[in-house]
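Paired with chain B in one complex and with chain C in the other, chain A is shared by the two complexes that follow.
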Partner chain A sequence: MNFTKVLCGTTIAMALGYAGISVAASGADGVTTPIKPAAKDHPLEEVWSGYKYAATDTQAMQDDEFSNPGMAWHDTGQELWSKVEGDAGKSCASCHGDDASSMKGVGARYPILDEKRGKLVNIENRINMCRTENMKAKPWKYDSSQSLGMSIFVKAQSQGMPVNVKVDGAAKPFFDKGKEFYYERRGQLDMACATCHEGYFGQRVRMNTLSQGQSNGFPTYRLKWQKPGSLHRRFSGCNKQVRAKPFKKGSDEYLALELYLAWRGAGLPVETPSVRN
Partner chain B sequence: MAKPRVKVPKTAKAGDIVLIKTLITHKMDTGLLKDKKTGEIIPQHIINSFQATYNGATVFSATPHAAISANPYIAFNVKVDKTGDLEMVWKDNKGKTWSAKKTITVN
Partner chain C sequence: MITFGSDAIQGGVRDMWRNAISLAVALAFALTTTSAFAQAKKKERCKDGESEKVANYTPVKGVNLDWMIKESLTGKDGDPKAGLKWMTHRRLGNCIACHAVTKIQALAKPGDSKSLKAYGFPGEIAPTLDGVADRYTIGELRMLVVDPKKIFPDTIMPAFHKNTGFNRVIGDCKGLAILSPERVEDVVAYLKTLKQ
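And now, the complex of A and B:
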């Protein structure tokens, strides 16, 4: 299958260092061929990565590891990985190893449920939990260059791996909440996420081609922002566009939506850092 | 701010024309936008000079203006005749400087 090929490619690339980190996007499932969702109650017949709906030159920008501007933040994250901070005198590398290969797969299975707190945790949250609890350092602000750098660096370790989140058991109520959010109409324009991303993907809203609103490439470098941004920044942007009041980044509402979106895009390869318009 | 990203071939044959790619993270504020909250103009903050030297001789230089978008990507070709150091220097209008140095071995 196509997919196995991608995985092997990525593994080899990892073995060679970061030489081939952009392998994932080209020739992967959901990118050139659609994914047939495994879940029976899945609303889509075919799942496509946002890569498909990007312009050809944007795709080329993402595919080339050098010209992908998100990689600059990846480098920032890599530097921060071994930077000792906080009262405990630790860096990420102190516990997780120097080469961050222990982070392989993390990007594909987050957000997860933290049963102790009874809350969902995404990568940005998890990094800050590590910083405050284990490193005794200050948490990073959502969408700060450090937070973006580290979350891109961590998620990029799973590049090419299929998104696979746990939505049953204790996570079910959060999943349902996210689903409800997705279909709930909001704002003065009275639109739900599904209005555009389920009903009209592939068609245009003014100059932009609507995607299926998949989350596999986040944090993504957006040409409009001229920098990378988190999934929650994109959520609040979408909310503002339908004239609704956005929730806070990292809020329970957005975390639940993040979980639901990851389920909608199950099987898509992690593309972080992707490039979108 | 992250270090500039540079892609330079490590080796080349004498007389080869090699492609150099560079990318630096910079906001490139045009000086025409207003701060949405205060209404004040955001002062211009751009990279206004880029220079590449090979063994001390300038091989490529550019003076970017306000219309260049954020995180400028600059690529250029250099003809290499003998082994040497390629040095690249970026300067912005607030006096900050970034540099990168790579060696190309000619065999």
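And now, the complex of A and C:
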């Protein structure tokens, strides 16, 4: 039992190694050992990545760079990084450099509050803001192959770094809104996010094992979808699963939920592109 | 005697709208295939079977639990064989998503993927229903299926015979209860057989 856990940890470290990021040899990572949340008012005693609850062969698929199907989208993102598009004649690389390691850390601290606009900004939004404002190019549609590719590529630069979002100060009202959303029952089945992911993680609902519903691996390659999907696509799916009307991807509601969820998973390593059932 | 609430009347009106809408969809199909396709794609959660009818009932004090519904919602006994069907149906009932029942699991034959899919792999988040008829009266079992939150306010278990008072129900499930009065009685009849 312990042996498998250790083995898993080693493969993860190896997988992270290819991105040039070293993982601390000891200490909790929420993947092999649980994280004890630092926040006093945190509802969970132990924080675990969805990796823990995924099937063993799914975990293995994620761990191996060559079998991880999300890597194809990562490569799409990499190609787009230096592709000039839009009226300003620029690419991402024109502003951020050819080496995308300038993006290191971004995936761990988003979503952030854009105080000027008074709105939360996630990676998908930020990429589109760069496109429309700096490149004078068209924004990408949520969950298009370009948006997924670039989001995966950017987030993967933070692989292994602990999720750490700012939820105090001006961000507090957004955090509170996200928290309220998380605990509000909805749909014909009358369930909140917390009903399943706080109350029953680690237990099976028919064939699915419930995880804590953490966001550190997104965009995630889901075997059921046969492609990667955004976190907001997952929100929409979980809403529909309880027969509730979903919100729009990129809506204020889902952005606030994204911020709150990142706080619940603070300290988990960015795992993008993760692989899930 | 059980009569049906105002929802039954609303149901009739809704039927008229439904017909009108299907006509509109048919017309749209004739004009643009894509919009009809979008309409059809939207209707995916509550397919046919969820119920517009909700019976009137009055909960009374229970014996082992706080509440029960003493009388049958239809005035008749249900059919346990049909009850088994609803309890294992993925959309209607799906009780075994959460509850294990030894008698149902025994119907899953190793090597027979069809029976495994129907009866195997019960969830593990709710108490087993084995012997549930020894623990509770029929009226209490009926209350638990109709609206368990009346007894356990914080439970994850959905109300199977309720169609109002929800938050943000998706379009095609709006105004519907998961199980019709007849089907609730079928499920209750099956639960009645779960003695040790």
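One rule holds for everything that comes next: the second predicted complex is superposed on the first by the 249 of 277 C-alpha atoms of A that agree within 3 Å, B and C clash if a C-alpha of one lies under 4 Å from a C-alpha of the other, contacts with A are read in each partner's own complex, and residues count from 1 in each chain.
To be clear about the criterion, a residue touches a chain if its C-beta (ideal position, glycine included) is under 8 Å from a C-beta of that chain, and two chains touch if they have at least 3 such contacts.
Predicted, not measured: the structure shown is a model, and the values here were computed from it.
Of the two partner chains, neither chain B nor chain C is touched by A:Asp63. In the superposition on chain A, A:Asp252 makes contact with neither chain B nor chain C. By the touch criterion stated above, A:Gln226 is placed in contact with chain B alone, chain C being left untouched. In the superposed model, A:Trp73 lies in contact with chain B only, and not with chain C. In the superposed model, A:Met191 makes contact with chain C only, not with chain B.
For chain A in complex with chain C, the residues that touch the partner chain are 184-191, 195-196, 199-200, 203-207, 210, 239-240, 243-246. Chain A makes touch with chain B in their complex at residues 66-67, 69, 71-73, 75-76, 79, 149, 226-227. By the touch criterion given at the top, residues 2-3, 5, 7, 21, 23, 25, 27-28, 69-71, 73 of chain B touch chain A in their complex. Residues 45-46, 94, 96-98, 121-125, 149, 156, 158-159, 166-171, 173, 176, 178 of chain C are the ones that touch chain A when the two sit in their complex.
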